[in-house]
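Each structure below is given as C-alpha cells.
In the two complexes that follow, subunit A is the common piece, with subunit B as its partner first and subunit C second.
Our next item is the complex of A and B:
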C-alpha cells in the first residue's frame, strides 16, 4: 500500500491552539486538497483521551451531510490523535461582524436553510449538537455552511437518563437549560437556531446576557416569562424561582424590533423561540414553513453568498 | 418528500453497518486470520527463547477457545458494570468494544482480562458516564490507572475510532409501545411488561452472540421478544403485516391511491405484505438461533484456556515453572516448603 497516514497529509501552518488540540492547515498530498488537521494531545490528560475529543470523533464518524463538517480521516502519530477535517476558512460570526458586508434577506434565508438542514440530519441520527452558535457554523470556499465542533454533542438520552443543563454557550441557551432541566430534547438546538436567525437579521447578538442570572432576565424581558399557562409544570424546574414576570411580546413589538423581517420570517422565528420546548418547532416544521416554501426571495445560492472582505 | 432518506438508509450509513457488519463467511475468515496472526506472534516469542524452550512445548489457543475466553470476559464486563452501577448502555458498549477488539487482535496478543477494563473505562466516557481513572482503578483490585490507560489508544485504533454503537434497547422500548397499541384488545399491560422485562434481560445474551454482526438492532430486539413469547410476537407481526381484515385493506388503499392501479392493487398488496411477513419471521427466527447459540463457557473451561493464554503471551513462564519445580525438589524454597508442611 502507498503512503502511511502521516505522509498522506502535509502540515503547512499552525492556526490555532486550544485546551486539548492544536490545529494545522495543510494538504492531502495525493489530491492537493486543502485540509485542517486537529491534533489532539493524548498524553497530558489524567483520564486518558479527553471527552470532547471522544465526542467529536464519535459523532463525526457517523454524520455524512453537506452541511456537517466532513471528517476526512483519523489517524494516530507519535501517540497523538489526528482528526483530518475539511478546510473551512470562515465562520458565520466573522461574516456577521464584517461591517463591510451587506446581507440581503435572501442571504439570511440561505444560511438559515443550510443550518437547519445540517441540524435536521443530526437530529434524525438522534444526535444533539448542544453548542450551536455563529462561531460553530463554518463556511466553505464554495459558500456551503457546515456545522462544526461536536465536542459537546451527545446521543438523545434514554427515557430516564439525566442530562447536564450546563451546555450551549450562554447567549444561545434555551429556557429549559436556563432553568436547569435534567431532561431536554432536540428543542435546545432549535432555540439556538432561532437566536442565530435573530442575530443574522439584527447583525448584533440578540440576547447577550452578562452572566447566567442576567441571561434569564435578558431572555424573558425580550420574549416573555414562561408561566404555568403557556408551559405546564415549568415552575417545578430547579431554576424556576424569583422571576420577574414579563409579558410575551406582541406581534407589533416583534415587527418593530425586526424591521426587515417578513411575516413568514417572524412566524418561523417565533416558532423556533417558543418558550415551551414542547411547542417549539422542530427542524422539519421549520424547513417546511412558508418562509422557505412559498415566500420570495428564494435563498441565495451558496456560491453567491457574501464572503469576508478582509483576509486574515 | 420523495427524496427523504429512510431510516433504513440512515442505518446503512452508520459505521456499525459499514464497518462492523459481516456475513458469516467474512466473520469466520476474520477469526481464522486473527488466530493465525496470534499463533505467529507466539512463534516469534518462542523463537527468541529457542535455546531454552522446545518450540512445541507451548500449546496454542484455537479459534473456538479464543471465542470462549472472549465470551467469558464479556460476561465479566456485565458484572463489573453492575458493580459500578453503570447504565446498560455503558455495559453494552463496553462488551461491543471488547468483542470488536478481538476481531482485530488475538487473545494471544492481548489478554482480555486487561482489555476488558480499558473497554469499560472507555465505554463509560463514550456514553457520557464519566468516571475518573483514579476512582475506577481504586475499585478494581490489582490495577493502576496507568495499566488501564495504557491500552486505551490501542483499543481506539482497533476500533478504527468508530465509537457509536446502536444497541437493541431503544428499538425494544419502541416495540413495547407498539405491542401495547396493536394488541390492546388481547393483552393486559402487565403481561406485556413481563415480556418486555424478560426480553431486555435476553438482550445481554444477544450482545455476546454473533447476532450483532449479522442483524440490525430492531431485528435483534424482535428476536429477543419472540424468544420470550413466540405466540404473542407472531400474532403481533401478523396483525401488522397480514391484511386479513377488510378494513385494513381499505385503509391501505386510500393511502396509496395515486401510486397504483386500483383494480389490481389489493392482490399485490396482499402478496407484498404476505411475503414481507414471511421474510421478517424468517429473519427473526434466524437471529434467534444466534442468540441461543452464544458461547457460555464454565469458569473451569475459562481458567483452562486462560492458563494456555498466559503461556502463549509469556513463554518464559515455562522456564520459571521448571525452575520452581527444581527448587521444589531441592527443598530450599520457603513458600513451597511451607505449603508442603501444610498439606501434610
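Our next item is the complex of A and C:
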C-alpha cells in the first residue's frame, strides 16, 4: 500500500494526543468523507506496538455494525501505524455534561437502545469491550451512537484462561471485577450499561468512587452488600473481605432516587445492575424487555436526538 | 424572650452550633420527619449509611441522600409543598381530560382532600393505598401527561429563544439604519454643495440627490419589515416539526431486524467433558458468572459460525452497496 495509501487521505488538523496515539482530522480524498486518523506512535516501545493498538485493529476489523465505530482503513507510513476511523464529533459524556440540553425519556431510551444493539453485536461475536462509559460512546452527525475505543477489548479464549480483573473505568466496574474475579463473562459490559443508564437519568455519575476501595463501598451502599444467599460462592473471590454490610435498597428507594424512571425502566436497570453476574440480564433479555417493546414513548429517532449546543 | 427564640432559630438543635460561630451553616431536613439539623450533623451521622433521627422520640430511620435544603422558613409550608409536588406528579390531569367542568372540579376537590389528609396525618394508610392504586391504574396516562408538560416547557423555551434572537436582530438593524441615515444625510449635503458649484438648475440637483439617498435607505427598511412580520408570526415555529415526528412509518423492533434466531446446531443438555466438568465445580468460577452452558454455546458457535456465509456473494453485495 505504502505511498498510495497516504495519498488517499488528507490530514487537516491535530485534535488530540494520548499516550500512545495522535489523532488527526482529515478527509478521504476520493469521496470527500470526513475521517479521523489515529497515528500510533511506534518508536518509543521497545517490544513493538502497544497492546491496545493491536486490540483495537484486531476487533474493529471483525465488527461491522451501525452502532460500532467503523475502521475504514489501516496503513503504515514513515514507520508509524495509522488507523483510519469514522469521524465522530461528539460523545455521550459531552451531552450529559451540557446543562443547556434537556433530555426527554424517549432520548434516553434511544441512546440506551443503540448502546445495547452495538454491545449485542460484540457479544454475539464473543468479544468483550471491557471499557464501556459515556466517554467511549461516540455520536455521529446523524445522531447514531457508536461504540468506540476497543483498546481493552478481548475475545474469550480457552474456558480456563485467566482474565485480568483490572479492566473497565472504575465507576463502571462490575462487582465481580471489584472482587478480583478472573473468569468473568460478558456480564461485566452489561453492568457498565446499567450504570450508564442510571447516569443518563440522573445527569451525574451514579457511583463515583474516589479510589478502588471506596468504589466497593459506594457500590454496595447504593445497591446492597452481596451475601452467599443472593450470590452463591461470592466469598471465594479474592477481594471479598472486610466489607461493611448495607441492606439491599427497596423498590421504593430506587423509585425515589430515579424520579423520572418508569416501572419498566427500573425493571431494566435493576436487571442490568444485578450484583450476581449469573443473574444479570444479557443483551437479548435487555433488548426484549418491556421498556423497549411495550412501553411508550417510542425511542427518539437518531436524527432528532439533542445535539451539542456549544461548539469549541 | 424573643431574643432567645431568635437565637434558637439559627442554632442546630443537635450540635448546638449557631450561625454566629459558623456563618455559612445550612439547615437540611428529611421528608421522613422534617426535623431540621445542620449540614455537618447530616454528614457526621449519615455518611456511613441509614441511621435513626437524633431527635428524641422520633425514631424514624433516615438516609443521607434524602436530605434537602430547607427552602421555606415555616416547616409546615415546606412539608405541604413537598406533598403537593408528589401528588401533582401523579394526579396530573388537566381540564381537557374531563368532559365537563363539574367532574374536573370534583377531581380537584379530591386531590386537595388527599393533600390535606397527608399533611395533617389523617387516614394516611388509606390515602397512600389510594394513591398507589391510582398510580398503577393510570401509569401510561401519567407518563404521557408528564411528557406533554415537559414538551410544552421545551417548546416554550425554544420559542422564547427564537423571539429573543429576532429582537436582537431587529435592534441591531434599527441602530444601523440610524447611523447610515445620518451618514447619508451628511453625504447628500456635501454632494449638493459640490454640484451647486458646477450646475445651474438648483432644484433639479437637490431632488436628484435626495432620490438616490432614499433608494439606499429603503433596502434596509425592507429587511426590517421582514423581521417584524416574522416576529408577529412566530407564535408557533415548532408546529410543523411536531406533525412530522408523530407519523412513524417503520414499526419498532428492538434488534433493528438484526437478530439470528436460527442456529446451525442443536445444543445437547449434557456433554461428556471431564475438563469442563472439573471447572464447573470451582467456586471462584461460579461466583464470577462463569457457566458451562455459555462455554459450550461459544465453542459450538465458533465451530459453525462460517456455515451459511458465502463470501463471494457478500463481496458482490458489498460492492453494489458501496458504489
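Rule of thumb we're sticking to: the second predicted complex is superposed on the first by the 308 of 312 C-alpha atoms of A that agree within 3 Å, B and C clash if a C-alpha of one lies under 4 Å from a C-alpha of the other, contacts with A are read in each partner's own complex, and residues count from 1 in each chain.
Heads up, the rule we're going with is that a residue touches a chain if its C-beta (ideal position, glycine included) is under 8 Å from a C-beta of that chain, and two chains touch if they have at least 3 such contacts.
Everything numeric here is computed off the predicted structure, so don't read it as measured data.
Residue contacts after overlaying the shared chain place A:51 against subunit B, while subunit C stays out of touching range. In the superposition on chain A, A:124 makes contact with both subunit B and subunit C.
By the touch criterion stated above, A:183 is placed in contact with subunit C alone, subunit B being left untouched.
When both complexes are overlaid on chain A, the residue A:154 reaches subunit B alone and has no touch with subunit C. When the shared chain is aligned, subunit C comes close enough to touch A:236, but subunit B does not.
Judged by the number of subunit A residues each one touches, C leads among subunit B and subunit C.
When the shared chain is aligned, subunit B comes close enough to touch A:76, but subunit C does not. Judged by the document's definition of touching, subunit A residues 124, 159 lie at the interface with subunit B and also at the interface with subunit C. Residues of subunit A touching subunit C in their complex: 65-66, 102, 104-106, 113, 117, 120-121, 124, 126, 156, 159-160, 176, 179, 181-185, 187, 221, 231-234, 236-238, 244, 246-247, 253, 256-257, 259, 262-263, 276-278, 280, 284, 287-288, 292-293, 295-299, 301, 304. Only residues 48-50, 63, 65-66, 89, 139-140, 143-144, 147, 150-151, 154, 245, 248, 252, 254-256, 258-260, 275-276, 279, 283-291, 294-295, 298, 301-302 of subunit C touch subunit A when the two sit together in their complex.
On subunit B, the positions that touch subunit A within their shared complex are 5, 10, 13-15, 87, 89, 121-122, 125-126, 128, 130, 132-134, 145, 149, 152-153, 156-157, 160-164, 169-170, 173. Considering their complex, residues 42, 46-49, 51, 54, 57-59, 61-62, 64, 74, 76, 79, 81, 124-125, 154-155, 158-159, 161 of subunit A touch subunit B.
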